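Some structures are shown below for you to check.
Two complexes follow with subunit A in common, the first pairing it with subunit B and the second with subunit C.
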Partner chain A sequence: MVRLLRYGTIFGPLKDRWRYLYKTDLYKRRIEAGPEPERFRSALINWNYDAELHACTHRFGEKINIESLRHALTDSSFLNQIVKQRTEAGLAANDQTTLSFTHNEELAKRGEQIAEDFLRRALQYWYPKFPQEGIDTITKFLLSEPTIADISSGLGFKTLIRCDVPSPHSTMLKKAFLAFIGAIDENNDRHRAELFVADFILTHLVGKDINEIWHIKNPMGLLTKVLEENGRQAPESRLIWATGVSSVLSTYVVGIYSNKEYLGKSAGATISIAEEMAARDALRRLFETDEQRAPIPFDKLYKKGLLIDK
Partner chain B sequence: MSQLFRRFISLPIQSIRSFHSFDEVTPAKYISTRLQNGIGSRYVCQLQRLTIQVCKEFRTSFGTREWIANELTAFARQHPYVVIYVQPRRHRPPNVIGEYLSGDRQWIPLSNCDRSHVNWWIHSLLTQQGDPQWRLLKQMHTDSPSIQGTWTPFTNKPIDRTLRIYPDKDLTDIEYPQMTATQQIKELFEQEKLNKTT
Partner chain C sequence: MSFNKAKQLATFSRVWYLFDAKWQCPHASGERIARILRGEHKPIYYPGESTGDCVVAINTRHIALRNDAWRAEALHIRREYAKTRYDIPLFKLHELDPTKVLHLCTMNCMPRDSGRRYDLARLYTFPDDAVPSHLIRNVSDQIRGSRTTPQRLDDLTPDDIEKFPQMFKWPKELVVDDLDRDKFVRVLSPEELPKRHVMLGQRAGRQNYWFHVPTTRHEEVKIN
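== the complex of A and B ==
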């Protein structure tokens, strides 16, 4: 593992004055030239777009028509570029019949609709007591631009998208990914498209706490409201333990009860913090989203009873 | 010196077959999979495309040539999700370059490798995630190390201790039982008697 040869000996001894000067000059020139410009992957010699698309369909095990996939991966910026090039060349730019393809905007909308619908349904199914507002927030987080762009680039859409910049922006990545879902729906059935969403978008929740994604501003107020709706008494907070009260590292443990029935407890540096955290804990227990809750069975949602159609 | 050079000019990642130089700091991370691969209903092969650079004449690429002649078609049929390019280059050493879904690139020189070695390296590229230069902080990792939660001085503490007035009789009884051994044996004897009668 240790480098056995000296740096100088690989390319010839640097003890020669002229060689030393030559190498130093080359080094300086390379620094001056700066970084290499970004290039399209398709500019390299080892590139066959049809083969890439064919491999892309096999990668996810989806049976998609190649033309349909090509359509799904064509961004509007690419189309605009083509039109611009045609006008510059003196061709009829507005004549859409000369362009044999369109961009993926509509397919992306279709895919987004499917994804949103499915995610909302799956979350409601697995967390039935979680409020609608929270489910909306989590769906919004899962379909947000950074999340989808991260998934899209992780699945290799970065090089496959046809657009006017070498490294596609996150909007382009998002559109292409959602259009791919739309293309699955178009070629196969809705079931396959929803399975794709479950496999690649819903799994983004692994290792994340959904209570942290939906940040509740006033947990005590929400707890009162929820208890009122269920016909229970208003919450009462009680101090259970306290240590180091006069020190810097003071700890209070506050429990929350409703009609002497235990709801949840938490520790905090001050009583107000501990009370707020205890309210959050009580809410977690009421919504059944606490740590003891089983994780979403990503591959078995249908088997466990989630229906395809309502 | 080379670290400074790398900072200015984006060079491809060094191959795992090349010498490891200690003048560069290896990045470290916990073991993980990209995008929770395999948690859903399918596994996605991370190798996206494979470029085999080979010479038709030189002895250095004899194994690579043999692999291409005998095993390439079967490999391509078995793994249709990998795009394979073969680049004949005259009088140059053979290489294999793997490009991954995450955008990483792995380059492996195959000079003087025989057919089985070439096969080994190509399969090692196929089964990789594509990040060669990471030093693993640990061989195993979990996001939730404790299911029960971390221990605090308040866990499993009996709640009635706040209401006690010290010195408490029950607590002293636990530490110093008031009953002697003879008394205990006598009590046991009487209990057995009662059991026999009933």
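== the complex of A and C ==
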């Protein structure tokens, strides 16, 4: 009832004409002013970088020297910016050698090396029949810029990185994260760094199918090659059953056999798609990466028998 | 196409079934067909979802109703106004539309909700075994009927009857050759057929008939 009475009346802050005009004008001015410029987190008053670094080491449970952590989180752009500022201020080139810190390029390379080695070893250990090319592709995917940047920003490196832009680019995020791994290696040991990789990079495979990350262009050709290497006969595809052939939801189920021995099967909307998917299914069964395969035990890889390198 | 898409397709595709209704009880087969049309035989079944399969039922002209149902049971039609309801006996209904009885029996086995007609639209019925090629191509499976098809005595050749193993021989005076029908059945001439009494006048309204022949008011309707 109340709603009915109020409907169509000017009520509240816009009741007075002058107030309405005032609010409209404020709104227009805000639109004209545009969005707020991005600011560094350190520009805000409640920022304590040392405390943040300290919290970072405790967050991951890693015992890292604060200075080396600061080193790992310093991007080269930050250094360039300081050098530029000093040059503008009139300092000579030889004065600039007294800078007490360097950027994280070296550490990042070290971290990347550790991560790549470990990932390759772990994947090869858990999927022993998966081809080398596939393992390379998955390692590359896990160490690619979008993946690592995603992990890095998720772990809160976004505000910790020292760089010349308020929100760091994905290259900076990646470098800082890998340098952090390098810093763990430097301060503790390699085993500790590998555990970190297993916890935070390898777990990115959760919910993903490694057969789809490594996209095989010609599955039937690869299947023929693999069977030939194993000394088996060439694959033969058979239509198992089809339904609703002339309807919209047509389904064909094609099976792949080698010397009358079942390799795999799959459904598809057309025969050619079904055959291709059946070849993929046969491949993942041969590589032992199919759905029945247990997921990677991320925290128990060493307990399960992965050999410690070096 | 990814593995998940293939899995999705294999799970949710509508499978086409063939059902041969020859000598089948439409009530029993209606239950089976309704179950499949609603998708109740699938593990993914959920009442609100459309998970059913398609059924092509053939030979519906040759269904076998129980007992005296062809004569005794009827389709009751109420036409919303007073004195406009009438019954169609099933033998007459079957003459008018040979697929109707199976349709009605299937519909009867589905819950009376708004989704029933959508499920029923996936049932294709044909009076004989002639099915359009675009439908029969879809079929990939069949529903087994609940009744075995009986073999009638007049389907057998005299040789088969002779060769049928006998446990003992009847004495000759007790045997009547009842396969010779002309001995027992007489074909009536049209004059001898009983005339149907057509009512005229006050009680000739359509509420007194189980059939209704729509005509113009002034046309004379003759029913024999």
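Everything that follows uses one rule, which is that the second predicted complex is superposed on the first by the 285 of 310 C-alpha atoms of A that agree within 3 Å, B and C clash if a C-alpha of one lies under 4 Å from a C-alpha of the other, contacts with A are read in each partner's own complex, and residues count from 1 in each chain.
Following the convention adopted for this analysis, a contact is a pair of C-beta atoms (placed from the backbone, for glycine too) under 8 Å apart; a residue touches a chain by one contact, two chains touch by 3 or more.
In this text, all values refer to a predicted model and were calculated from it rather than measured experimentally.
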First (subunit B), second (subunit C), both or neither touched by A:267: both
Subunit B versus subunit C as contact partner of A:141, first or second or both or neither: neither
Touching partner for A:34 - first (subunit B), second (subunit C), both, neither: first
Contacts of A:243 with subunit B and subunit C, given as first, second, both or neither: both
Partner chain(s) touched by A:125 [first = subunit B, second = subunit C, both, neither]: neither
Subunit B versus subunit C as contact partner of A:46, first or second or both or neither: first
Dominant toucher of subunit A (residue count), subunit B or subunit C: B
Partner chain(s) touched by A:280 [first = subunit B, second = subunit C, both, neither]: second
Touched partner set for A:58, first subunit B, second subunit C, both or neither: first
On subunit A, positions contacted by subunit B and by subunit C: 241, 243, 253, 267
Residue ranges of subunit A touching subunit B (in the complex, touch as defined): 1-4, 27, 30-31, 34-36, 45-46, 48, 51-52, 54-56, 58-61, 151, 153-156, 158-159, 195, 198-200, 202-204, 206-207, 240-241, 243, 253, 267, 291, 298-299
Residue numbers on subunit C that touch subunit A, as the complex places them: 1-3, 6-7, 9-10, 12-16, 54, 134-135, 137-141
Subunit A contact footprint on subunit B (complex, rising order): 5, 8-10, 19-22, 34-36, 39-42, 44-45, 48-49, 51, 80-83, 85, 87, 101-103, 143-144, 149, 152-154, 157, 159, 162
Parts of subunit A lying in touch with subunit C, wherever the complex brings them together: 209, 211-212, 241-247, 249-251, 253, 266-269, 273-274, 276-277, 280-281
